[in-house]
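Below: a set of structures, written as structure tokens.
After this come two complexes, each holding subunit A, first together with subunit B and then together with subunit C.
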Partner chain A sequence: MSVQHDEAQDLETTSGPPSTSRRGGPSAESHSRGWRGLGWGFLVKLAIMAVINALGLLALISAFRVESWWIFGITLALLVIADIVYFTKKALPLKYLLPGLAFLFVFQIFVFGYTAYIAFTNYGTGHAGSMEQAVDAALIQGERRVEGSPTYPLSVVERLGGELGFAINDGGEVLVGTENEPLSSVDVPTASGAPSDVPGWTVVDRGRLLSDQELQAAVVDLRVPVSEDPNDGAIRTRDGSSGAVYTSTLVWDEEAQTITDTVSGTVYAPNDRGSFVADDGSSLPTGWYVNVGFDNFLAIFTDPALAEALLIVTIWTFAFALLSVVLPFALGLLFALVFNDPRIRARKFLRVLFILPYAFPAFLSALLFRGMFNAEFGVINDLFFFGADINWLGDPWLARGAVLFVNVWLSFPYWFLVCTGALQSLPSDTLEAADIDGAGKFRRFRSIILPLLLVSTAPLAIASFAVGFNNFTVIYIFNDGGPVIPGAPYRLGSTDLLITAIFDIAGISGGVANYGLASALSILVFIVIGLIAAIVFRQTRRLENF
Partner chain B sequence: MRKHIGMSALALASVAVLAGCAGGGDTSDEASEPVDASGVELTVWVDENREPAVEAAAATFEEETGATVTLVQKNFEDIRNDFITQVPTGEGPDITIGAHDWLGALVSAGVVNTIDLGDKTGEFEQVALDAMTYDGQLYALPYSLEAIALIQNVDLVGEEAPATWDEMIQNGIDSGAERPFVINTAGQTGDGYTMYPFQTSFDAPVFVQDSSGSYTNEVGMGGASGEAFAEWLAANGEDGTGYISTTVDYAINNELFNSGEAAYTVQGPWAIGEYPDVNVAVNPVPPAGDGTAAPFVGVQGFYLSSQSENALIAQEFLVNYIATEDAQRALYEADPRIPAWSTVAEEVASDPIIAGFLASSQNGVPMPSIPEMGSVWDFWNAAQAQIIAGADPVPTWDTMVSDLEAELGG
Partner chain C sequence: MTETRAATVRETAGDGGSRPPHDRTSARRRRWWLEVGWKYFFAAGIIFYAAFPLVYILSASLNPRGSLAASNAIFSAVSIENYMALGDTYFWAWYGNTLLIGGIAAVGAVVIGAAGAYAFSRFRFSGRRASLSGLLIIQMFPQTLAFVAILLMLLAIGEVVPALGINSKISLIALYLAGALGANTFLMYGFFNTVPIEIDESAKIDGATHAQIFWRLIMPLVTPILAVVALLAFIAAFGDYVLAKIVLVSEENWTLAVGMYQWVSDQLTSRWGLFTAGAVLAAIPVLVLFLSLQRYIVGGLTAGAVKG
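The block that comes next holds the complex of A and B.
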């Protein structure tokens, strides 16, 4: 939908300068505003807005049908705003900004808001749904088939007024009952299979049963007691054509909001952590997610095993991000200076060679390096260390060095490119002036080239720091954050960055999932990166005074 | 809009289903009379390997009932988490394929329904049903079993099963192969699953089993027997004999065995396709300690969503169209794992490789499916990797056991 916005914008902007043939006065108006001349601009805008409105309406109808009121509201708001912006004269800047803003809202602000919301819940393994669903699950888990109960052929029957019941064939005898009336025998000719004709009742056709979801839900929930004594159990059906006797050991009391185990008499009451717990401390397996306030944020700092591992991860993240900027920058600058010297022959060819690591997909390179760094089978030990058994991937410090090496290898061509460009655009008169003043090579580099270079590359360095901070691909592919820190939960490892730690904690690759904790960490990472960017941008403004 | 997308996906899927129905056998069941369920849509999550087989059963089902079955192909590894997160929102499928060790997590998330196989219960291998049972309730229709076994290079060491670890290593050395034995440790991650038969031979099960065979929450691998296994691991690790090394991951393991550089390996049936260049024989894993080497048995099956709006028809599809001999055979043919359906299992046991895995699984124990298993793997694998890489075995192992106990108690 928003793609259409873009097109609308493009068409508006490319409709060219105001044509001279227009009769309008000096207050020149866009082609798309009205019907002048051929009126193409207006027609195109009208057509595009018609498509957008049609799609929006379609989305509104679907959202209304499935009762997703959030999506309904947001779509409605976006649609109204789009119409207002593109059909009024005012709000000219918004005409350009709206598509971008819509994207920002849908893909950034909404995602961020939702992450923040999850950060304050205990959403994760064991707390995945609503309380209502947890009750459903408890009732499912508590209902057992009575041992030795045969499977009876069964028909769903209906009485005047829509009351549903089951008719079963118990060895030739037909029994009928409803939710409130226990099974009782009816006098019909005995037959094999499900009863097809029950006096006083209409047998519900199975086709109708299966194609009517409401009826199906009612039948799935229907329990017909076997006798007056509820402990004898009740008939239930799972497929609509056969039934068996089940007893339920867990009873949900909606008034008191408790679940009672009828066998042991234990009462499970909901607690503020989203679980049903009894006085003796036992709890039901299924919980639901609840707001836990700042617990996730507190756990990051107070849970001893987690806090210690996360501290290691955090320090390494900063070190990795910083070194991932400084080292490739230095290396790239060095090569840029060298290859900028006109005395070197075949510079163009060499430059292309040096850009190759950047042109290769990062995850493939990381995978290759993973194999090359293998202590036993990798070429690095074989070729460069005379077959020594250096455990690159198993030792925490060697692994850190190795992953840093890989990242420098992957990112120095970028700095090589950037620095080459920046070097070639340095003002030659300033350099010449320095030469005339008698500045040596090193002095010239330190006082003229480097400061001027930093002005143009500092913003890139900040961006690069943020990329290094969140460099998921290289860490995950190369070593999956390993080797594991002894005793650390969630398999946190010595080369894990915060972003891969979040991935491990979220349990996406298996293991225990704790989306709440992972979201809380994401929020912290976001704040850290935001702060660093703000500080450094302020500093670079100072650099520009050079 | 979403509905719209759903409809076109459905149209695409039906085309796919129609295209795939060519191989479908007659899976109808004489007990169930044809029903008319046109207009009902059943969504089934299935992975790439099993899709053709489920497609065949779905085609028969669609033909006989008029219902529509939409197969959604997913990565097997993604299904567990996606199922847990999507079922509560109402966006999940009615049925999904899955592994039995997810069961604890699925139950504690409240996303699976119980299932009643009725008279079909007797047709399945008991161990498969046990694995899919949680707290006395059956939650899935099992369809296959799998267990790792000792795979040996026939040209190097013959078909005879070695009786002990030492005998195996000796045979391997005598064969002249570069390595007598190779085993996957998933690199630095550690692989407690593949190592488990050796661990159980030291009588150090991950959890203590009660008299009925169900796992308790009591960690069983602590104490002297666990420490003995840890010491054995260190003795054969990188600082010891070097037979077990964290430089070996799944790909390297298979490469070494397939090139004939290693005489023996421990792998599952899924890896057989990786060994086209060698003649293999499959035998139970030899014990390294005094006990029996019992690998984990994994069971796969079909789970029913607790939030399904088509519970009746989903049950109908599973019990009358998937739980049939023909459908089970089609599943075996699509992805050869040991069938859970007894008669099909007997039928395919004529294949010596399948028979080998079957024999290994008969020694096996079901993999625990408690929800805490996720963090158990994290600690357990990591400790094994550290010991293999040369950490002091007994303290490392004991720390892991006490970390686990703290995690499970807390």
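The block that comes next holds the complex of A and C.
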């Protein structure tokens, strides 16, 4: 009610004459009642919530239609919570926290949980869907043209929205279907040859079909099921003008849950690893994903080739994380000590030049150095090593050195800035006292400056360690984590960190994907980071002054 | 100090104790060289180390031959051919995508972070301490570790809402915003606490609502930290490779990080000119933002945000 009142007042004052009454002396209303923001604020809120509710409802309907119950449930929950929070007077802090929390829950906490779930499955190449999808895929792969089957005159048809379908002439009767809708009869006058006029559909022009490569590929891939039963086969075409029934040589027996190859007579039965296998040990290429318990975790430790490669990766990960704190820190501290000197002129200008590498985007630096370290044409060999042919990126140890060099170049300015700041905030009385006591330069540095500096920069050093531990960008962009360790599975490399190893195992950049194993490794890395986090937590104690 | 003393001692020993006046100025000069002068040479060395790759990339971008080998002769030829050639590639589309995604992610991060910091700084509610600790812990786990789950989740969402599935810039922005609350709230929380609560209270007495206090009073007062958070969020989105690579599939949707990686990793030598020209252009907005906000960033960095 009060909102509507304010609203009315708002309109009144804006449409009326310049508001003299508002400023006009003590007779005017209390100025708290004349606050003009609320009405508009409420309207904005209402508009935003209306949009959110509308989009949410659309998502709910869509999720319901494709029977995606997880998405349905989470969307519904978020929507209800949002409406409760923004349309009641309770939970005031949540009004401010909810947008961030919603993103956090869905795209961070939920995916962490999902990772844990995948870690216990064999999700990956060859095991990427449900059993039903695996059956469909197997039948499609085994599809052959039925021998001696008739050829039907066919035309490619298109519906609003670009959905393609086939219209065929079966002895005068016109049948139409799409990938998802089996053939059904259409009521048109009997025609001879390919159907030229199909109600509700546009017949795709032959000229367009010949000139449009993408369309051609889509047409060749299109299969229109003859009926609801997958064993009946589907209409396919090679040329876009005639079609034939293709059936699979494999037959799915739903009751026995087996697939039979009608040519060889082999019977494939499902096993508990998510594959169809025959008695002779052969299996169909497409499987589905199943829960495999701790197998992925066991493989990490027991599969000899994998475990050996991962050991190298793990040691290097810790070494890289540690060195990419220590080296830039030492360099930055040295520079800070030298240039924290009021007698030097143009210090501000020098500082800007020093921090240039830090201001340059990291991924570009990594790419730049990738070229500069090139063995054949790179500027580093050419200019600094007099044209020597040093294989920086191909030799394991040289590559490790090179990537450390790159990372030091990237991050020493950060430590230079941090150390300069810390040096300037050192207590001057302590330093003076040391001077008076006759401490030399080195003594002063070792016994006073360094300890105080380490205390104030320790949290940053730990945070930086954690960043180095997961420094995907530099490692992957600089050298793809290579060179590849000889004999290592998933092309794991000598400079791979655990996080890039996970990327390789997940097959995102090509190759065989093993999502289950990748997720299991993610979980292990989570645990390591959890330990680091616990140390940080105990160390900083920043929480005490909340 | 010790160096100076040692120098003086050596000098006295050499001169046998008696020094004419002109020697005193040369001694002072020597002392200056030992204490200050050499630092300029040292600085020159550091500047060479820090800036050589950047000078090199600038020279390579101007080299019309555009190959890696030809780029080694610094500034041997100057032309803007490479820059013009970028027009024939997807570069400007990637540039636009990157600015768009980074810009929206930055604005979103600022709003989410500021709202979170306001709630933690101004309201006292049960679970406040626990939520703050929870956020501190969660933000230590990088989202990128869960990219397999992210990929599979986006595939599932895409079946329901295609606009939020794989190959959608919106879902990439949503992914970036997931970390906004955890990463930025702390940075901003401290800053919000420095705004005296009396300001809120007087506004409240005047009849302002909590929303009005937030938008009209607090936000203008904390502009510096908003700028820092926006910049950090922008740079983070700008430099992200792994999530962008997973989410954005088709070439015209790529960001600079994904596209330029492809250039360099595929055909290193032939595309070098294009890459260097693109890199110079791509670095400009970040360099300008970074150097102009340098003062604020140093404070922000030391408060816990770390890059590389």
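Methods note: the second predicted complex is superposed on the first by the 333 of 546 C-alpha atoms of A that agree within 3 Å, B and C clash if a C-alpha of one lies under 4 Å from a C-alpha of the other, contacts with A are read in each partner's own complex, and residues count from 1 in each chain.
The rule is short, and it goes like this: a residue touches a chain if its C-beta (ideal position, glycine included) is under 8 Å from a C-beta of that chain, and two chains touch if they have at least 3 such contacts.
Remember, predicted model here, so these are calculated numbers, not experimental data.
> In the overlay, answer first, second, both or neither for which of subunit B and subunit C A:F405 touches.
Touch partners of A:F405: none, neither subunit B nor subunit C.
> Contacts for A:S365 in the overlay, against subunit B (first) and subunit C (second): which applies, first, second, both or neither?
Touch status of A:S365: second partner only.
> A:A466 contacts which: subunit B (first), subunit C (second), both, neither?
second
> Could you say whether A:G126 touches subunit B, subunit C, both of them, or neither, answering first, second, both or neither?
It touches subunit B, and subunit C stays clear.
> For A:P93 in the superposed arrangement: first (subunit B), second (subunit C), both or neither?
It touches subunit C, and subunit B stays clear.
> According to the stated criteria, A:S62 is in contact with first (subunit B), second (subunit C), both, or neither; which is it?
both
> For the overlaid complexes, name the partner, subunit B or subunit C, with more touching residues on subunit A.
Counting contacted residues of subunit A, the larger count belongs to C.
> Between subunit B (first) and subunit C (second), which does A:W252 come into contact with in this model arrangement: first, second, both, or neither?
After superposition on chain A, A:W252 lies in contact with neither partner.
> Taking the superposition as given, does A:D480 touch the first partner, subunit B, the second, subunit C, both, or neither?
In the superposition, A:D480 contacts both subunit B and subunit C.
> Could you say whether A:L393 touches subunit B, subunit C, both of them, or neither, answering first, second, both or neither?
After superposing on A, A:L393 lies in contact with subunit B but is clear of subunit C.
> Using the superposition on chain A as set up above, list the residues of subunit A that contact both subunit B and subunit C.
Residues 58-59, 62-63, 66, 374, 376-377, 480, 508, which sit in both footprints.
> What residues of subunit A sit close enough to touch subunit C in their complex?
Counting only subunit A, the residues touching subunit C are 30-33, 35, 37-38, 41, 58-59, 62-63, 66, 68, 70-71, 92-97, 99-101, 103-104, 106-112, 114-115, 117-118, 123, 335, 338-339, 341, 343-344, 350, 352-365, 367-372, 374, 376-379, 382-383, 407, 409-411, 413-414, 417-418, 421, 440-442, 459-460, 463-464, 466-467, 470-474, 476-477, 480, 499, 502-503, 506, 508, 515, 518-519, 522, 525-526, 529-530, 532-533, 536-537, 542-543, 546.
> Any idea which subunit B residues touch subunit A in the complex?
1-4, 32, 35-40, 65, 67, 77, 80-81, 84-85, 87-88, 104-105, 107-111, 113-116, 118-119, 135-137, 187-190, 238, 245-248, 252, 306-307, 309-313, 315-316, 319-320, 371-372, 374-375, 377-379, 381-383, 385-386, 389, 391, 396, 399-400, 403, 407
> Using the touch definition up top, name the residues of subunit C that touch subunit A in the complex.
1-3, 35-36, 39-40, 42-43, 46-47, 49-51, 53-54, 56-57, 67-69, 71-72, 111-113, 115-116, 118-120, 123, 125, 128-129, 131-133, 136-138, 140-153, 156-157, 159-161, 174-175, 177-182, 185, 206-212, 214, 216, 235, 238-242, 245-246, 257, 260-261, 264-265, 268-269, 272, 275-276, 279, 282-283, 286-287, 290-291, 294, 298, 301-302, 304, 306-308
> Over in the complex, which subunit A residues touch subunit B? Could you list them?
Contact set of subunit A toward subunit B: 55, 58-59, 62-63, 65-66, 125-126, 128-130, 133-134, 136-138, 140-141, 143-145, 151, 205-207, 209-211, 213, 216-217, 219-220, 237-242, 244, 285-288, 305, 374-377, 391, 393-394, 479-480, 482-484, 486-491, 493, 507-513.
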